[in-house]
Every structure is written in C-alpha cells, then in structure tokens.
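What follows is a pair of complexes built around chain A, which joins chain B in one and chain C in the other.
What follows is the complex of A and B.
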C-alpha cells in the first residue's frame, strides 16, 4: 500500500477529515469557541481547491483497487459539491457561527459526499451514502436557538424514511451481489441486460432507494417536512448538496451505458410524475421552504430525466443542472429576509412588498425564481434545454414533450413569489438597518458564477 | 428447496414484513423496530448470498451495515425520547405540526 497515493488521491477527503479533527479539538480545548464557521470555510475551500487541482492535472489513481478511485470525472463532481458548500457555510454564519458540532456534522456529511462520488463498489457507496445522510438527520434537529418540536418531528420522519431507503438499498445490493458474486458497480450495468427476475428486482429496489433519497414522487413525503422543520442553512444544504451528491452518485452507478429494458419506463414515468406533482403542489404552499421543497421534488424529476440521454451528454447535462440548480437555491436562501425565528422567517406572505424594504434581497430572490422557472436568458433555461435536448436525441420524444409541459406548470408559483415581492405595496425600511453582510457576500458568491453561466454557457459546457 | 434458498425467502419475507410495518404502524418505536427488521433482513440476504456465491465481500458489508444500523438507532432513540417528553405519546399521528 502506497501512502503517498492514498494521501494524494484522497486529498479532499483528508483535508475534510483534518478539518473535523481540528474542529473537535477546538471544541474540547477552548471553553467558549468562536469562529467555527471561518475554520470550516477554510477547510472546505482547501478541499475544493484540492479537488480542482486533481481535476486540472487529470490525476487518476486507485488507492484501494476496486473500492475507491480518483479520476477527473469524480474530482470534478467533488469540486462542484464542495464549492456549493461554501455559500451554505456563509449562510450559516449568522445562526451557527460559533456552533462547533454543527460544523463537524456538516464536514462529515461532505466527507460522505466525496466518498460517494469516488466509489467503485457498492460497499463504498453504502458507506458514503450513510455518512452523507446520518449527520443530516442531526442537522435537521439543530434549530436556531433551542430544539423545536417541529424540528424533532422533521428529523424523525426523515430518519425513518432514510433508514427505509438504506435497508432497500442494502437488499438491492444483496440481490445484485447474489447474481454476480461481486460488489463492484459494474454488476449494476451487467444486471440491466439480464432478464433474470432477481436482477430486475434488484434494479427496482435500487431505483426506489435512490428515489427516496432524492425525493421523487411517490417517495417524496419526507422532503417538505424535513425542509420546513430544519433551519434555513440546513434546508439549503439538503436542497443543494445532498441532492447534488445523490444524483451524481446515481450517475456514477449507471455509468455511460444507455438505459435499456423494462427499467426505462420507470425511469421516465416516476420523474415525470415528480415534475408534474411537485409543480402542482408547490402552488398551494404558504411557506417558502415548503415551496422550495416541492420545487426541489420537481427538479429531482428533471435530473433523473437527464439519465434517459446517453453517455457523455448525460454527464454534462446532470453536472450543469446540479450547478445551476444549487446556485439558484442558495441565491434564494441568501436573499431571504431575516426574522426573529425560523418559522416567521419562512412564511410566504412575509415576502410581500419585500422590494420596498430590501431591494437587494428581493432582486436576488427574483433572479433565483426566474432562473428556477427556466425563463430564457438565465442559466436555468440552459440547464433544462440541455436535459431535454439529450432526451430528444435518445429518442424519447413523448417523454420530453410531457416533461416540458410539466415544467411550464411551475412558472405560476415562481412568478407568484415575484409578484408578491415587487407588486405588493410595502413600507420602506423602517427603523434599524439589519446587518446583512454575510447575506450579501453569499449572494455575490452565487451571483457571479450565475452571470458567467448566463453569458458564456457554451464555454462552461465545453469544459466538462 | 435447499437450505440457502429457504433462508433467502425468509430474508425477503422479513423485509416485506418490516416494510409493511413502517407504512401501517403508527407507534414510533414499532416503526423504528420495523426499520431495523428491514435492515437485518437485508443482512441475512447478504450473508446467505455470500455463502451461496462462496465469496466474502457480502459478509464484510454486513459488518458495516451493523455499524450503520447502530448509529441510526443511536440518533433515533434520543429523538423519540425528546418527542415523547414534549408530546407524552408515541403515536406518530399526534406529531402533526407539519402538514401540507
């Protein structure tokens, strides 16, 4: 075993691990720790830089043959996930700035995401998946101030459904393993062409497990509750990082092989249902985060849709979509006005007339909503265009048309938010100005890449 | 039916039982037990198939699954405790502050 290879190939993971250890030491040694966010930011940024470097140099290594490998694809996916975590950390500065356990959990979850994205066998996928989700159950519980009953409920619901998904995943892996005698990811693609009942059962179970984890209809019930019960930065984390990591992992498992056999219809119909139902249910929400939850259910549908396309186009479409969707959500969360507590912060009618009180925040949320709805000049449109282009190219024209119709259902509730913010009367900012330093920085961190993506989409797509 | 396929059928039956339990039972502790039942059914399937295919990878995965299941329960039990302390009930139907 070559230690140097392990140190380099697992550079991002090692940096995150170092961060976890340092944060724990700070918690133990310092009686009243301060600046936990700054420390965490430093380590996540370093890990992201390491991933970018590994990608730029085209580093390929197999430190644990058959279990874990680093290649440019996985390095790029890791750098995307880690870079998306930076705005999340900036967002949590206000609520959790000095809370060390919060940051330890966040870094552990990111570690799980990195492990997941480099996995070569279902054993590593299992470890990564659990390391990604277990800290999130606890993060949901961590509300601003003290634990609220609704955070408890949300965490428990999430945990029970997450545990069910884990068990389903394990059984699917067991069946795949029974068929091929190995736990390697290739047994998935091998099972796809075998018309054996055990293989088909395994594929269906595996699909259900990942549908639960990414909240696709009809396995979406946990998402609105968990998103509403968690505090704002944790919701942002779940909506962007967890979803991105799960989808990129599915991409890694499915590989470049085109989907075939009986599975294709399930891969199209459930995401389609997800797009339609997510957009319809989002219309009648009164809470901002529940609305974002249903919108994320719809977007999970689009992301799974992208798998219908073939090989390289699929990779490009998912990666681009994940980046755009993550940035948009983070932008919206950064623009949210601050409230006395999480529950009041999140009611939709509090956004009424926001433009008159907080122009910057309203503009940010407005851009995010237009882009999530897929209005042309914004990158959200390009992301959707890429997905549908690939689906059409692969010959699923009917599904593409239906998905497009479904996506137009969503425009209503995104525009409703904008109407609330800009067209309702509201008094100008009264009394003390709020300190919005962190929020402004977060928005700019998200906005600059968004503008780049909007102006030079071709250049970015050409690079991946 | 030989011993190994009987064990496999048992694993699938336990898994189905656990799944039904998670869906229809309203007692939070029973739901958690059913979740564990599903996990252990998957473990049983893994061990049986490891024996059948004469490889060790599946048995190794079982040990990791044990650790994960323990961690999951270590998070779940305090959650249930806190909820019961506030609501004085184990009935999941009573935890309905989140709706929509």
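What follows is the complex of A and C.
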C-alpha cells in the first residue's frame, strides 16, 4: 500500500477529515467557539480545490483496488458537490455560525458523498451512503428556533424511511452477491444485461433504494415533512447536496450500460409520475419549503429521466442538471427573508409584496423560480433541454413528450411565487433593515455561475 | 463598422440599457425615462438605417452574423435580416420609443423595473425576429413571455393576476409542445447526415415523411396559433389586453401577436410543406372564422379595449388568409397587413390609454361627443379608425386589399380546376371588411359623436408629447398606404421564396 497514493487520491476526503478533526479539537479546547463556519468554509473550499486539481490533471489512481478509485469523472463529480456545499455553508452562517457540531456533521456528510462518488464496490457505496445520510438525520433535528417537535417528527420519518432504503439496498447487494459472487460495480452492470431472475430482483430492489433516497414517487412521502421540519440551511443541504450526491452515485453505478426493455419502462414511468405528481402537489402548498420539496420530487424525476439517454450523454446531462438545479435552489434559499423563527419565515404568503421590501431578495428568488421552471434564457432550460434531447435521441419520443408536458405543469406554482412577490400587496416594511451580508454573498456566489451558464452554455457543454 | 455589427448593436442595446437602468437610483425618475427613451430611439435610428440599406434585390440573409454558440449541439448565434423579418424589425423599433414615451405619464409605480421589462421585451422580440437558428429563436420566443407576464401582472388593471396567468399558461403550453417538436425535428434530420444543426437554412433544405410533417406542424402551429391568436385559441387575448397597462397592450397588439404569423411564415409552413398543402383548407377556414368571429365579437363589446382586442383577432385572420393563399400578392399583403395592424392597433391602444388616463373608465357608454370636447384627439382617433377599417390611402387598405386579391386569385384558379371551397372562403373573407366598418364606426359614432358625455370633465386635450407620438403613427399609416411600393419590394423575394418552398416539390434526401 502506497501512502503517497492514498494521500493524493483521497485528497478531498483527507482534507475534509482534517477539517472534522480540527473542528472537534476546537470544540474541546475552546469554551465558547466562534467562527466555526469560517473554518468549515476553508476546509470545504480546500477540498473542492483539491478535487478540481485532480480533475484538471486527469489524475487516475486505485489506492484501494476494487473498492475505491479516483478518476477524472469522480473528481469532477466531487468538485461539483463540494462547490455546491460552499453556498450552503454561507447560508448557515446566520443560524449556525458558532455551532461546531453542526459543521462537523455537515463535513461528515460531505465525506460520505465523496466516498460514494469514488466507490468501485457496493461495500464502499454502502459506507458512503450511510455516512452521507446519518449526519443528515441529526441535522434535521437541529432546528433553529421553536419548531422542535416538528423537526423531531421530520427527523424520525426521514430516519425510518432512510433505514428502509438501507435495508432494501443491502438486500439487493446480497442478491447480487449471491448471483455473481462479486461486490464490484462492474459485476452489476454485467448483471443488468443478463436476464437472470436473481439479478433482476437485485436490480429492482436497488432501484427502489435509490428512488427512496432521491424521493421519487411513490417513495417520496418523507421529503415534504423532512424538508419542512429542518431549518433552512439544512433543507438547502438536503435539496441540493444530498440529491446531487445520490444521483451522481446512481450514475456511477449504472455507468454507460444500456437499459433493457422492461428496465426502461421502470426508469421512465416512476420518474414521470414523480414529475407530474411533484408539480401538481406543489401547486397547493402554503409553505415555501414544502413547495420546494415537491419541486425537488419533480426534479428527481427529470434527473432519473436523464438515465434513459445513451451512455455518454447521461453523465453530461446529470452533471449539468445537478449543478444548475443546486445553484437555483440555493439562490432561492439565500433570497428568503429572515423571520423571527423558522416557521414564520417559511410561509408562502410572507413572500407577498417582497419586491417592495427587499428588491434584491425578490429578484434572486424570482430568477431561481424561473430557472427551476425551465424558462429560457436561464440555465434551467438548458439543463432540461439536455435531458430531453438525450431521451429523444435515444428514441423514447413518447416519454420525452410526456415529460415535457409534465414540466409544463410546474410553471404555474413557480410563477405563483413570482406573482406573490411582485404583484401582491404585502405587509408594510418591517422596521429596521436586517443585516443581509451573508445572504447577499451567497446569492452572488450562486448567481454569477448561473449567469455565465446562461450566456456561455457551450463553454461547459463542449467539455464534459 | 460593418452593417452586421450594427444589427448586433441594435439587438443588444436594450440589454445595455437595462444594465444602465439598474445602476441608476430609483428616485431619479426623469433620468430613467430618458435612458429608456434614448435606448429605444437609438434602436430606431439604427433599425431605420439598416432598413434603408437593406438590398431588395438580394436573395437570402443580409447583415448576417454566425458565431458558434453551443458547438457540441451545432447551435449558432445566427442573426440577420431578410425579406421575412425586415419590415417587422422596423415595426418593432418604430413602436419602441412610442411605447416608452406613451408610458411617461401612465406608469408611476416601480418606474425603473417597468422600463427594464419594456427593454427586455424589446430585446426578446427583436431577437426572435432576427434569429436564424431554431434554438436561438426558441430562446427568444420564450424569453418574451416573462417580461410580458410581469408587465401585465404588476402594472395591469383589477383582474390582472387572472389575465396574466391565463396569458402565460396559454403561451407556455404551446411552447412546450413546440420544444418537443423542435428536438424531434432536429434529431430526425440528424440521422441521415450525422450532423446536428439548428440553422433554419439546413432545416428547410431537408424533407420529412408526410405523417411526421403533419405531427410536427400541428405542434408548431398550436404554439403559433395561440400567439397569433386564431379562433378557437384566442380566449386569452381579450383579458390580457383589457388588464394590461397601455404599454403592454401596445406591445402585445403591435408586435407580440405578429410573432405567431411570423412563425408560420418563417418556420411552420416552409419547414413542413407537404403537411401545409394538405392542411390548407383547415388553415383557410380557421382564418376566415377568425375574421368573421372576431369581427362579430368586436361588434357587441362595451369595453373599448375589448373592441380593439377582438378586432385584432379579425385582422390577424387576414394575415393568415394571405399567407395560406400561397399567392405572391396575398403573401405580400399578409406582410403589409402585419405592419399595418401593428400601427393601427398600437395607435388605437395608445389613444385608449390616453383617454383612460383622463377619464378613468373604459366603458363605451360612458363616453360621447368627444369630437367637440377634444377636437385634436378626435381627429387622430378618426384617422386610426378609418385606417383600421381599411380606407384607401391608409395602410389598412393596402394590406387587406392585397390579401383579398391574392386569395381571390388563388380561389379563382382553383375554381377553374374544379375546387369551389377556396373561392367561397375568399368571398366570405370580404364580408369581414364590411363587418370591420360596422364595428369600428359603431365605436367611433358613440365615442366621438352624439350628446357630450365625458367622465371627470373638463379634461385636457392632447399635450405635445401625445401629439408627437400619434403624429408619428399617423404619418407611418399614410406612408404605408400611399407608398407601399418600397416596403413591398423589400419583402417580394422572400414572398417568392416562401411560395416556392411550399409549392415546389423538393427531392427527398
């Protein structure tokens, strides 16, 4: 075993680990620690830089052969996830700025995501998946303000369903192992082609596990409660980082393997139901986070749709989608007005007339909503176009048309948020202006890449 | 600078204007108005110069720019002027400053944001006209929706939220199916050659099997027919017009509705010629139904904005009829009719806005005898009314007459071949002319003449700013009515190309 290879190939993971240790030490040594966010930001940024560097140099290594490997694809996926975590951390500065355990949990979850994205065998996938999810159960519990009971319920629901997903996953892996005698991901892609009943059962169970994790209809019911019960930064974390990591992991597992007939239908119908139901249910929500939860259910549908496309196109479509979708959600959360407590901050009708109280915030949420709705020229459209272009190119015209019509259903509720902010009379301006420094920085961090993607999409699309 | 650069400058000026406006403090209202006016005027100057330099004898694109934008998909930033769009671009940049100036007194709330939206709309509309790449076209096409959504929704009347959602949900539904059709089309055409391209020129060169053409044409046509709007997809229009602020109505009637007919002319019909020929009777009937039905509805309205809104449906029916006649005269008439309707309906909406600012009601019955109380206003109003009816020497006459002439020519030719239907349709369309005289004169009669009724009297007649705006429109109406030769020549080659693309069978690839 070469220690140098381990140090380099696991650069991002190591930096995150170092961050966790440093944060724990700070918690132990300093009596009233301050600036935990800054520390965490530093380590996550360093980890992201390391991942980008590995990607740029085209570094390939197998520090733990058959279990863990670093290649440009995984490095790019990691850099995306880690970079998306930066605005999340900026968002949490107001609520959790000095809360060390919060940051330790966040970093652990990111560590899990990195592990997941480099996995070569189901053992590592399992480790990564659990490490990604377990801290989030606790994070949901750490509600800011007075919503303790509700977040308790949310966390419990999330935990129970997450546990179910884990069990399903393990059963799938056991079946797969029984069939092929191997835990490697490549044996899985081989099993996808062979019509062996055991392999098919494993495949279906695995799919269900990942559908639960990504909240695809009919395995979605936990998401609205969990999103609503958690505090805003944690919701943002779940909606962007966790979802991105899960989808990128699915991509890594499925790879470029072709989907056979029945699998295609399974991979199309449930996500389609997700798109339609997510968009329909979102229309009647009165809480911003519940609405975002349903919107994320619909977007999970779009992301799984991308798998219908041909092998090489999948990676591009999912990656682009994840970046755009993540940035848009974060932008929306950054624009949310601050409230006395989380529950009041969350009500949709509190957004009424926001444009007259806080122009910047209203514009940011507006841009985010338009992009999530997939309205050009914002990058949400390019992301959606990329997905449907691949689906159509692979010959699934009917599914593509149905998916597009499903996405039409979403336009109403995204625009309703804009209507509330811009066209409805709101309550009078609330006293003194709040300090919005962190929110403004977060929005800019999200907005600038969004604008660049809108004007120069070709620059990104040509490369990946 | 080369002419192509100027076209780009004209297109991108509003974006620079928005950036400038955002940098200005909201309280400097005069500066905001000035910036918006200067930007749109500069666009008009550039657009006018480009129009004059546009060579009528050259086939195809002029002042073209081609830059690879998303190379992996073969998407280009391709813009240029041709006989199809040159008049509509001129119309757009002509109406721009008038809309901005017309809103000087009407818009008091969130001035800065309003002008940002008007400029963005201007950008998107021009972009949709000059785009020569399907992807780019779709981007601009969809972008138009958002500023309009906000303009109606923020500065509109009482039921603005309902109206604006109806507008958006209608147009977005058409667009989403068009998007599916675009992706399918591009991939269908890619398979033989292996090269992905969204360029109009590449797309029209190819030919698909007829069933595919029919499906795709229906998707495109749905989107265009909603925008245009054609009966029975028109129900969003009256509400949107009534609730929109004046500027919104003017842009909507003046330019946005032309997007639909332009889409048919530039994309829908030429891309799917076989399907178009097969569906000609359908489109012809829908056009005639729009003409008659729109006119009948206009006849019974009591809201003055609704009268003009329904008359728009009727007038755009003529555009469709001219296009689908597939006769050079008819096609050119359709183009002239588009511009003419932009001028007259735009002008009438401006005038309605002016009277609404003074009297705060749109109820037709509340008014009467304006000719005595507001003589200058009444003169302008009468001129635009007559132009809308299509009195000779005005632009309305040129457009409608050419359309009817073209339709009748085709109808007669087909009658000699044994088909009665087209001739019947062209005869029915003539009835629309009579109806339009009926509803517009009913409007003018109770509005301008009879016993004097004027809410909030005494009111002031037009101020110099309003006179200037209306003077410009009336001048353009007469220019197009008296000297239609120049504009017609600029679009002649395009009309021939359009006809050839649909009628001449091409070799399958």
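In this text, the second predicted complex is superposed on the first by the 455 of 464 C-alpha atoms of A that agree within 3 Å, B and C clash if a C-alpha of one lies under 4 Å from a C-alpha of the other, contacts with A are read in each partner's own complex, and residues count from 1 in each chain.
The working rule: a contact is a pair of C-beta atoms (placed from the backbone, for glycine too) under 8 Å apart; a residue touches a chain by one contact, two chains touch by 3 or more.
As the structure is a computational prediction, the values presented were derived from the model and not from experiment.
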Touched partner set for A:336, first chain B, second chain C, both or neither: neither
Which of chain B and chain C A:171 touches, first, second, both or neither: first
Partner chain in contact with A:423 - chain B first, chain C second, else both or neither: second
Partner chain in contact with A:276 - chain B first, chain C second, else both or neither: neither
Chain B versus chain C as contact partner of A:388, first or second or both or neither: second
Of chain C and chain B, partner touching more chain A residues: B
Residue ranges of chain A in contact with chain B within the complex: 121-123, 126-127, 130, 134, 137-138, 141, 147, 149-150, 152-157, 159-160, 163-164, 166-168, 170-171, 173-175, 177-178, 181-183, 224-225, 228-229, 284-287, 290
Contact set on chain C toward chain A in their complex: 68-73, 75, 110, 113, 138-139, 142-143, 145-146, 149-150, 153-154, 160-161, 164-165, 168-169, 172-173, 176-177, 179-180, 183-184, 187
Chain B residues touching chain A - in the complex, by the definition given at the top: 8, 11, 15, 18-19, 22, 28, 31-32, 35, 38-39, 41-43, 45-46, 49-50, 52-55, 57-58, 60-61, 64-65, 68, 71-72, 75-76, 79-80, 82-83, 86-87, 95, 97-98, 100
Sites on chain A touched by chain C in the complex: 355, 370, 375-377, 381, 385, 388-389, 392-393, 397, 400-401, 404-405, 407-408, 411-412, 415, 418-419, 422-424, 457-458, 461-462
